[in-house]
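Each chain carries a letter (A, B, C and D) given by its place in the written order, and its residues are counted from 1.
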Amino acid sequence: MSYNVDKKGYYGEFGGAYIPEMLYPNVEELRKNYLQIMNDPSFVKEFDQLLKDYVGRPSPLYFAKRMSERYKTKIYLKREDLNHTGAHKVNNTIGQILMAQRLGKTRIIAETGAGQHGVATATVCALMGIECIVYMGEIDIARQAPNVARMKMLGAKVIPATSGSKTLKDATNEAIRDWINNPENTHYIIGSVVGPHPYPDMVARFQAVVSEEIQDQLNEKEGVTKPDFIVACVGGGSNAAGAFYHYLDDTEVGLIAVEAAGKGIHSGESAATSVLGKMGIIHGSKTLLMQTGDGQITEPYSISAGLDYPGVGPMHAHLYQSGRAEFISITDDEAMEAGLELCQLEGIIPAIETSHSLAIFKERKFSPDDIVVVNLSGRGDKDLDTYIKHFNL
Amino acid sequence: MSYNVDKKGYYGEFGGAYIPEMLYPNVEELRKNYLQIMNDPSFVKEFDQLLKDYVGRPSPLYFAKRMSERYKTKIYLKREDLNHTGAHKVNNTIGQILMAQRLGKTRIIAETGAGQHGVATATVCALMGIECIVYMGEIDIARQAPNVARMKMLGAKVIPATSGSKTLKDATNEAIRDWINNPENTHYIIGSVVGPHPYPDMVARFQAVVSEEIQDQLNEKEGVTKPDFIVACVGGGSNAAGAFYHYLDDTEVGLIAVEAAGKGIHSGESAATSVLGKMGIIHGSKTLLMQTGDGQITEPYSISAGLDYPGVGPMHAHLYQSGRAEFISITDDEAMEAGLELCQLEGIIPAIETSHSLAIFKERKFSPDDIVVVNLSGRGDKDLDTYIKHFNL
Amino acid sequence: MNRIKKTLDQDKKILSIYFTAGFPQLEDTVSVIKELELNGVDMIEIGLPFSDPLADGPTIQASSTQALVNGMTSSSLFEQLKDIREHVKIPLVIMGYFNPIFQFGVEAFCKKCQEIGIDGLIIPDLPVDVYHQKYQKIFESSGLYNILLITPQTSEERILYIDSVSKGFIYMVSSASTTGAKSGFGKIQTDYFQRISDMDLDNPQIVGFGISNEETFNMATQYNKGAIIGSAFIKVLENKGINGIGEFIKSIRPNN
Amino acid sequence: MNRIKKTLDQDKKILSIYFTAGFPQLEDTVSVIKELELNGVDMIEIGLPFSDPLADGPTIQASSTQALVNGMTSSSLFEQLKDIREHVKIPLVIMGYFNPIFQFGVEAFCKKCQEIGIDGLIIPDLPVDVYHQKYQKIFESSGLYNILLITPQTSEERILYIDSVSKGFIYMVSSASTTGAKSGFGKIQTDYFQRISDMDLDNPQIVGFGISNEETFNMATQYNKGAIIGSAFIKVLENKGINGIGEFIKSIRPNN
């Protein structure tokens, strides 16, 4: 059984391209070309070179000594926080801007939640000298102010999404609307493994550099190419997809996906899609989705803007449904505590998204010999205000 | 002629250890041991390992294509902004925390201007589980709020310096006072190539990893191990010292040090020490120093907190006096423009300190074949407010 | 015989109106439909509101949000419409995004439509191939037409495919846009209308998006079988309520 | 013969007072000196204010800042003191950081001191070896004593070296601290005093830092030749001005 995408763009039952006809030419153009472009040696060379010289890859695999001592297991942190712009998101935007160039696009749009994807998109657009418009929920604009400032510095136009919950889902709607209105010259850089096929697969492939590096780095450090567990938080699921990618079909490696339980899974203020979601269609993809009995998409909640999404990518829906991955939900408070703990044990301020992953060590035991790789998806600079307020520092 | 330190701790006429007797045992202990400790293979191994796995070294040497096109020369950026904590400062704090451990110290103090060194110190203290106190000028606390927040998250105690200009110089005075009061258990992690011997040399050696990497990276990219020019901003001078280090005595490599001219060199609000300074003693070192005719140290000014220092390290005083390095002064406005330009041409938001270095391309011509390496000493996340206000974004 | 076919077989230009069910008030649905028929409209698209209507512009989006706040659901729509065929003769089409229909169950949804006397469905985010492979049988066994969209960017090959799968008419999106985005047609539109007209498809085309008044209605229907007005009509409901319908419809076809 | 030596040759415990020149008012320098002598003080350290007095605690630091604001400079201090020897007999020592002296020119500074009748200098940030190698000759040719510091952390070897280079007395810092930092002496201090006393150095020692009242003065001078009061005296000037001097000095040595 494969847990990767099939030829039709599905992961088991999930995936596909449920898009209005207006988007068909765009998505189809991409679908027809993406694999060929990605496999083109000149593309590979340019992508790899930028990841190395511009993004700063490989990101280190860091043995977290003091955390390992505290939790009595071997904890490695995959340092995506050290990437240029501060999160894993840039792996994907580098890939997609090169893709957009090869497709002859001259205008880029993107949605963003935490702002990391927006910054990563604005960054690559500046790098290539291409116009950039970023849609961002009004609430997220307020709670991720530093990232809004960064996008402006980088020359991007940030447009607030004022409908619905005014967060990531609505920003995505607005971006899709923009795309519908600009079908010829515009490439939509989706920021996670969501959206219509081929986006989930394309984004996962760009992020797969994460697990590719883990293999080598673990081999260097531990003499094995696979860990016992990989842990990653799941908003849409791109950092998890990247960290899991090369281990998807190797069931000796435990995959742990961490979702945001907000104020409690059943509090009504949560984003724990695996528990609360049912199969449905969001943003062009059939996947697990938080919704009312009537099929209206629910407004999710998480203290972390990047996990505040009512769905998960179709890969993760399938990993959940098939039992291939273990899904754990972490509340706001648990995440914040774990974030502070990492600061004070390892001197690393994680993004609040990432803090959810770190919180699992209080929830779940590992044995002393287990090698547990946590994907440290991003740094917490964007979240300082939230941390400071939460802890009254 | 050597431009490096001599056995007595001097660079030409500059340097030495002009310290009160109260500090003598501390400084002497360090002086006696630092070289031996730094050369110890176990130290080297631990230092290198942390630089690689924790800091994320080597930092890339990135060919800035669009900038190179604009300025018609070959511009490479040494990406210290990609280091953990976002600047070159951490190279030194990693080294010094290992030094402090080997000296049996259990308490760390530091001064900070921009907050980068404070964050880098708080970080390594968290990493090692050692108490950390950071002195920071009251004005800098206000203008570098994100870094204050980061230090708090990392468990450091930030103490405001309220005397004098309430900036870096005064924070340094306070740190020295603390050290005088705690001579036995405390190591003072100075953040630049300033202070009494052996600090300038020790810090320069820890930062020398920068030019060491440049040699290899340039060789890989251009087939030569030396650039025509290296450009770095100078506050105290640590990032410049690191970038220059392996080229100090190779006069084929042009060294360009960039100082902050604030609102204009002769505006009375400046930090252009090479132009405005005279030989004097500050913070235990004989060096160039902005001062009144009466020998009172002048309150410097720069929009960038990290360059807002009335002296330069003794190495730089000597590089200036001997003519080995070219010194250029850049105003606030010129720096800010250059910072924004980098954002929009290369997708990199530089620290305002670094923006001073980038501004030289408007000041000084290079030929098309010149290889110019700019040390991109830090990222601009800490400076977003200042940029946004300056440009009314 | 499906009412859509019967209506389209007439030798006249079709005026079709889109509105959002449960808007402005929850209980307005039936009144709006009756008033539209009374004023000579030929066909009606009843919008089933959705939380995330990504092909719609601000006007229709806002009306959907309001309808949801009012309490509109698939079940209550069916409840409201259950006796509609006692009063209304013209074709009725439900237009809605796929997720609510998927949650209701596609088959159950179609059966409900059939019971009530709905003639067709427009599901903008249900692509033709998925429809073709998974749902066409269900639609056909319920006597429902599935109305598919084409746009100026749709390739000739794909138009032929859509035509082959379509029943009733093809919903011809006037320009690359969400609903309500642009108004007025230029040469690009008329060229497009002409091009499709020249393809001589099996299904007639009705134009939607960007039609707001007599001028755009006439321009669109010069090349095609009819036209659909959505956002402009929603604005009427918003501003004047049901009482504004008569005047608006008359303004579109003053000589009717 | 240098006045310091003469004073220290007396068989009595020395009370020395530190104050900052030009504080509280610029023109107070001479008045303070006269008043101190009048009240039986044995020696005076005249502080030359510095912008960055890193061995000083908040009290002296603040007085320096104020003195600089008042306009105090090396030149104006020399100007104020030019006739001082017409009025004052006790030893006068200038205590200042190295940079202002360095800017004035060490030799010029020493010559000025000699002209005026200053007996010694205390330059806390001029280390003994630099003094020894570069400046000792200048000092000696000006008849100036250079007073060097030792602290509880100073090694025995280094104390011997400092003793060999010193003239007049050794400034014995009572504890690891900046000025004014701690008050009261414990066993650590008395052990340290005893230890130094037992070393039988060539130069007598005078204790400074942390002496604020009769009790600490007596305790310190039990082991040593004398003691210096700084911060505590500055506070008196701050609070009561010159008029407070008499009372304060009496409180230190009530039986004088």
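In this section, a contact is a pair of C-beta atoms (placed from the backbone, for glycine too) under 8 Å apart; a residue touches a chain by one contact, two chains touch by 3 or more.
The shown structure was predicted, so the numbers you read here are calculated from the model rather than taken from an experiment.
Peer 1: What are the chains that chain A and chain C both touch?
Peer 2: For chain A paired with chain C, there are no chains in contact with each.
Peer 1: Taking each chain's centre as the mean of its CA atoms, how far is chain B from chain C in angstrom?
Peer 2: Between these chains, centre-to-centre, one finds 66 Å.
Peer 1: Measure off the straight-line distance from the CA centroid of chain C to the CA centroid of chain D, and report it in whole Å.
Peer 2: 96
Peer 1: Using mean C-alpha positions as chain centres, tell me how far chain A is from chain B in Å, no decimals.
Peer 2: Roughly 35 Å, centre to centre.
Peer 1: Chain B: which residues touch two or more other chains?
Peer 2: Residues of chain B never touch two or more of the other chains.
Peer 1: Residue numbers in chain C touching 2 or more other chains?
Peer 2: Where chain C is concerned, no single residue meets two or more other chains.
Peer 1: What topology does the chain touch graph have (line, ring, star, complete, other)?
Peer 2: Here the contact pattern is a line, an open path with two ends.
Peer 1: List the residues on chain B that touch chain D in their complex, please.
Peer 2: Contact set of chain B toward chain D: 16-22, 24-25, 163-164, 169-170, 173, 176-177, 180-184, 278-284, 289, 291, 293-297.
Peer 1: Where on chain B does chain A make contact in their complex?
Peer 2: Against chain A, chain B makes touches at 52-54, 56, 59-63, 66, 79, 81-84, 86, 122-127, 129, 146, 149-150, 152-155, 340, 343-349, 380-381, 384-385, 387-388, 393.
Peer 1: Which part of chain C faces chain A closely enough to touch in the complex?
Peer 2: Against chain A, chain C makes touches at 50-57, 61, 65, 68, 73-75, 97-104, 124-128, 130, 148-151, 153-155, 158, 162, 173, 176-178, 181.
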